[in-house]
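Two complexes come next, and they have one chain in common, subunit A, joined by subunit B in the first and subunit C in the second.
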Partner chain A sequence: MTAKRLRQALESAAIPILATILGLLVSSVIVLFARADPMQTYEHLFCEGFGPKGCQTFGNLLFMDVKTDNGTQTVFSLFYGAQGHALGVTLERATILILAALSATVAFKAGLFSIGMDGQLVLGAITAAFLGYALPDLIYGLAGISQPQAAPGALQTVMHLVVPALCIGAAMLVGAFYSWIAGYLKVKLNVNELISTIVLNAIAVQLVGYLINFPLRSDFNNIARTRRIDDTAWLVPFNRGLFLNSEWFSGSRVGIGIILALLAALVIWFFLWRTTAGYEQRMASGSRLFARFGGIPNERAALRAMLISGALSGLAGAIQILGVERRVVDGFAGAGLGFDGVLVAILAKESIGGILVVAVFFAGLQQGAINLQFANLPRQLGGIIIALIILFSSMENFFRTNLARIQARLRPPQRAVDAAAEGVAAAGGGAT
Partner chain B sequence: MIKFLNKHSRRLRHALLIGGPLVGLLLFLVLPERLVQGGIRLATPYILGALAALIASRAGVLNLAIEGKMLLGAFIGVVVLYKTGLDPVVGVMAAVIMGGLLGLVFAILYLRIRINLIILALALNLFVANATVFFLRVSFGAFGTLADPSIHSLPILTIPIISGIPILAERLSGYNAIVYLSWFMVLFMWLLLYRTRFGRHVRAVGENREAAETVGINVTLVQTFALTLSGMLAGLAGSFLSLGVLSQFLENMTAGRGWIAITVSLFALEQPVGAFFTALFFGFSEALSLGLQNTGDTKLSPALVALVLALPQIATIGALVLVALRIRAAELLKRRNFAAQFGQELANLRRGVVVGGQD
Partner chain C sequence: MPLAVEMRHIRKYFLSSNVLACDDVNFSVREGEIHALVGENGAGKTTLMNILYGLIAPDEGEILIHERPAHITHPNDAIRLGIGMVHQHFKLVPSFTIAENIMLGMEPDEWGFINGASEAEAVRKLAADFGLPVNPNARVRDLSVGMQQRVEILKALQRNARVLILDEPTAVLTPQEVHELYTVIRKLAADGRTVILITHKLLEVKDVADRVSVMRRGQMIGTHNVSDVSIRDMANMMVGREVILQVEKQPAQPGAVVLKVENLLVAGAGGIPAVFGVSLEVRAGEILGIAGVSGNGQTELIEAIAGLRPIDGGHVVLLDKDITHASVRARRETGMAHIPEDRLVMGLNLNTNLDENVVVTHYMRPPYSRRGIFNFLPMRKLAQQIIDAFQIRSARVGEEIKTLSGGNLQKVVLGRELEGKPKFIIANQPTRGLDVGSIEFVHKTLIEERDAGAAILLVSVELDEILSLSDRIAVMFGGRIMGVLDIKDANEQDIGILMAGGSLEHAPAKVATP
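Our next item is the complex of A and B:
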């Protein structure tokens, strides 16, 4: 039984791995065009994305020789975090990708192709950014404290717990409401949700751009930005709070957000695969008519899916602001953060475990590419590699049919003994 | 609402068809000339982009890669002219050809290799957005902007007769060739869609793929042509941004205009002439919003500026709702007509004859 499961897992991983290899191969042509050595570039890219400080080769991603007082010592790279580990920054980037991808997955699983994550995310972000300073102001005002530093310790502690929760809650509500509009239009009027979310995205991006530039603009800085959120609303990063003395997290702003994201992943997995409501949802996506004959309330399932999806996008935006950026800067809306989430969800084939892996991988590629700029290669290389990997991995049907054809030609009629192993072998053969 | 739409659908359509252009014409003559010029310039990429979106959509392929194709057109137009001193027309033609090539690649990837349409479009947009900046830096050593004295923008044309008429001269004459070409393209697309064999095939494929296949239309060929044409139009729209307005390429210079063009085509129900007027509506509200921003009037509420800018988008949601209501109304009407015609027979059947024992 377990052997069969393992084989299935290997089989489903074969195409993404093949796609990654092909994507890197094609990108290496582009790297060559820039007169750089692809091998060195990739070593640099992966080290800066996934390796510890001082990582030089692919091998260093796993083990590294470290000079200590008494000679060199080989350490397991994952746990070697002197002066910071690149994975810390990668996880910081991955947080928002995971949440946006979960949001997309919930909608897709209900058979709704909503790509409204972008709009919901920026609206959630601006909500959290506004409440992040307005709410503490209000509380201080009510308590009659003019100097926030002089506030009593007890009040500070309570606020540290309550304010972020309220900000996140409000952001989730705003995201859910914005997503509900598209859901309502779909259910009541049969307006295509793909089209309505495209338009809603455009409206949200414009609205947030306006809010940053006019009513919420804090100073006359060249690039418009909102006021920085109050310290009590801040989701304190690990390296400032929880793991104060751990060097592993230094240089990264990853914090409670990643825990919330993992928690959300667990909850969504449980919801989709272990509850009646989630079952209704998945059936509604599988076959609308079947679901209706089975007595599943189609409309309710769709609306619920849109609400959950929007809330998750709002959460993603809120965490990005409360945990990482602490203010919204002009250009945040329109950066297409939500679209990245959609791509992650599609590439992960809507599986929760897949989302975690793909999100971290993409975040690492983006992060590694940023540091390539010091090696005189533009950081856009990361985006190019990701786009190519997505293209190749969505050629799945093409690969499968062609592999089957090659297999059939290689083997005369005699029955294949172990089809799965063969598939993996042929997939490996196709890459070379 | 549905009742109202059903009752007055024809009258409404006529009112819209006659009233819309009339109001437009009035505004066109009354509004200050700078606003009209700005509106028409801003509307041009929307006109071309919307035509690109609607020809693909009419052939049954939702083309979300307009943004990427536009950006590639803008990039290629400038790259061809960089340090070569060629005529800007060459740049525009190169942009059109590259846009068409990308459209062809899109068609092959979608129709032959069967990549999911949405993934393909999003991945292409991502690829073009990154690759243009990458090559800008690697090939030209430019950081986000490619400008050079050797790159000229398109010359301004003066229309012989119109430039003599006082009010029309400032409003209709003095744009570059792409602006006039875009108007011509609207007419061309209308003729193509409604007056040619190819256009009939395109519409048939978009309406009902299987039926079109059954009567012997080569669906793959029609969709490939439509996507290539769509890419060429988007490339032209992009070259207008880089060679028509400015004479340089900027990082991500389309700035979401491809997505707005898709919205324009949706608003216009995928009709070329409708897309023309819708694009003008979008362009004018953008020009108005910019104009309001630049008046320097501090009493002016910024909320008004933003509202003017967002008005077309909000109107689009309204239009989507109206279209949905219209479809639903048509369905209800059909059902009612059917009941009126065959209601008696149906009732008899239900009462008298047992149908499968389930009803």
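Our next item is the complex of A and C:
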């Protein structure tokens, strides 16, 4: 049995790697069409997504020669962060992907194909953005302080702790409520959650667009935007706080958010696999009839899943604002950040560990793709390459059957017969 | 006598499930005979016939049809060679008429248009030729199961089938329909056609077949003249050991009323009433069997009692507690257990492991969980306990159940449902699709539960099962209980009449009011 598990694990690891290689091979046609060198393009793509500054080749993703005062020295790339490491930015992007993917996974693992992450996320973001300046304003107002800079240090410290927590809490509540609407419609009126969440997404995106352009517009900047959040609401990035002297994080705004995302992953894993509530929703997802038959309160499990899913999306939106962007700029609500999360969840096959890996990989590719334009390559090329890699990754069954076929061909026929005989003996043992 | 079909050294190994379904199988059928192919589930009989019909390619072996080597790689090849197959699950288009179904793919075509009238005429002629009357213009969705089967047979005959394979043809028929089918089969054989009957009902083999071939675990055990072997011999060959065919049980000693159903009204699919004022009682220590052709309200009645379907009128009282509108959990906590009709979808969650399947009815209570957090040790202990008590040999704690056989899956359901000594047990088609060995086990277990004082409500479309297990028999037809018979007075014929909606006016004394 352990050998079988090992084989399965190897297979699971081999499939995404194969998919990536195939995706890159097919992309080469388009890259050549764009009159670029495929190898160079891919090296650039991966270096900008996963390598340290100065990374030029695939090899540099692992080891790099660095000029120091004493001559050249070979360093392990992952820990080499002079002038910043691309993974810093990649992790900043991955944070929101992880949370949105967790959100999707909680819903999927209740048998609900909710893709409302986008709407819940933008509503969470606008909530956090608004409270991020309105709440400190209110506190200063109550305290009678007209100049925030002049506020007593103790008050500042307390606010640094309380304001982000309140903003995040409110964003999670808003996200949870918005997701609950779809859950309620599903449970009480049997409205397909896929349709209702698509519609709710559209409403949320338009609503947030309106809020940014009109009531919450802060200035006459030609792209509409909200006021910047107060410093006390800001989740200070690592390179401005915790790791002030570390160059590794320079250029990226990754911070407390990634820690919260990892914590969320742990909590959700525990919830799904170690609690009765998680069990209830997983059983309902595996077979709704079975859950009903066993006496599991299906409706309650479905609503609970939608609430948790929405809260996670709200959290994703809040962290993106409080930790990264500090204000909502017009266009944020149409960027489809939530959909990227859904994609990550599907590619990771709803496994929590898988989400962490896929989200970082996906974020790195996105980051690398954007930077292709700085190497005089068409920006669109990156999008096409990503899409092809995803397409091949989703062809899991194709790879699995072919791997099995190759295995069968490699195995000598006599052993196959023995295995067959064993199989019959085992099956026969089961029948009696 | 010349051979109609000869299959030599057939071997088929399924890579995906790692099963050798046919292991050097030799099988021959004479022209004009009725040949039964018997074996337990998974013995390889359906695989063998699917190979003959071109649905599965064998790894090795050769096939001779009418003593000429044949290459069958597709059902079209088989049809061209005069082989027809009626599958267990009919392959008819419900919204088409009988004629359209029979002529499907071979419509008389005029300039690309289908002529419905000539189609109907061709079918009418076909039906008359074989003495199998049908109305060519009736829609298949309106037909009884027996009639649909007749359409399938006609469909094969229209394609000039000289060899007709019938896969478990009687599984869905009433006793009367079964007799009609036998007549048809005998007529076809008398006509010089060959009939291969796949079945695991040995009584049926005795009734209708000339010769019988027995398969076990992918191997052909032997072929015999039916007149030379007894049912017991065949059963032993099938299972490979001594089988107790007769259910051994003492007369029931009924105690207090456990379940009382009064004037139950239940809607079926689409809101159409499916159960009309059913009343019944089940006492401790007895088995009440509900006989009936499937689709006469049994499923709805059971689902209503089990809490899976809303009740529109009447009462259900379990152990003096009105549970008419109680939740499934409340019912289970009152003492109900439920062995469902569909173990694959309702009884088990095949997407998860054994442990999570066996705790579905207990997970929210200590020791399995405390304050909403699971405690895995007692869960594993329960799973192991069930594996041991029910001898589910291929099951392992913590592992997927997807690969278990039907019999073992049913044992998992039984183990879970009987855990904690329920006072009232619903057993809905408890042996459907199981092989002889597993059936024996399920029956024995149910009798043990009865003797331990449980009240059991048994629903089955297998009349034999109802007759051998029940202490009293209620016959359902059209959503009503047509009569309740004591096992002492019950016989197949009376039950058959009630199942078809008739009444026993010639012997009213036999019908006790429920």
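Throughout what follows, the second predicted complex is superposed on the first by the 392 of 432 C-alpha atoms of A that agree within 3 Å, B and C clash if a C-alpha of one lies under 4 Å from a C-alpha of the other, contacts with A are read in each partner's own complex, and residues count from 1 in each chain.
Just so it is clear, a contact is a pair of C-beta atoms (placed from the backbone, for glycine too) under 8 Å apart; a residue touches a chain by one contact, two chains touch by 3 or more.
Keep in mind it's a predicted model, so treat the numbers as computed, not measured.
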Worksheet item: Touching A:L185, do we find subunit B (first), subunit C (second), both, or neither?
Response: first
Item to complete: Go through the superposed model and pick first if A:A277 touches only subunit B, second if only subunit C, both, or neither.
Response: second
Worksheet item: Comparing subunit C with subunit B, which touches more residues belonging to subunit A?
Response: B
Item to complete: Once the structures are superposed on A, label A:M39 by its partner contacts, choosing first (subunit B), second (subunit C), both or neither.
Response: neither
Item to complete: Kindly list the residues of subunit A that each of subunit B and subunit C touches, one partner per complex.
Response: none
Worksheet, complete the sentence: Touching subunit C in the complex, subunit A uses residues 274-277, 279, 282-283, 286-287, 289-297, 404, 408, 416-417, 419-424, 426-432
Item to complete: State the interface residues of subunit B toward subunit A in the complex, per the touch definition above.
Response: 62, 64, 109, 113-116, 118-120, 122-124, 126-127, 129-131, 133-134, 137-138, 255-256, 259-260, 262-263, 266, 302-303, 305-306, 309-310, 313-314, 316-317, 320-321, 323-325, 327-328
Worksheet entry | subunit C residues touching subunit A - in the complex, by the definition given at the top | 13, 15-20, 23, 40-42, 217-218, 239-241, 306, 308, 327-329, 331-332, 338, 340, 342, 345-352, 356, 360-361, 363-364, 369, 372-374, 393-394, 404-405, 407-408, 435, 437-438
Discussion item. Please output the residues of subunit A touching subunit B within their complex, sorted ascending.
Written reply: 30, 33-35, 113, 115, 185, 189-191, 194-196, 198-203, 205-207, 210, 213-215, 334, 339, 342-343, 346, 377-378, 380-384, 386-388, 390-391, 394-395, 397-398
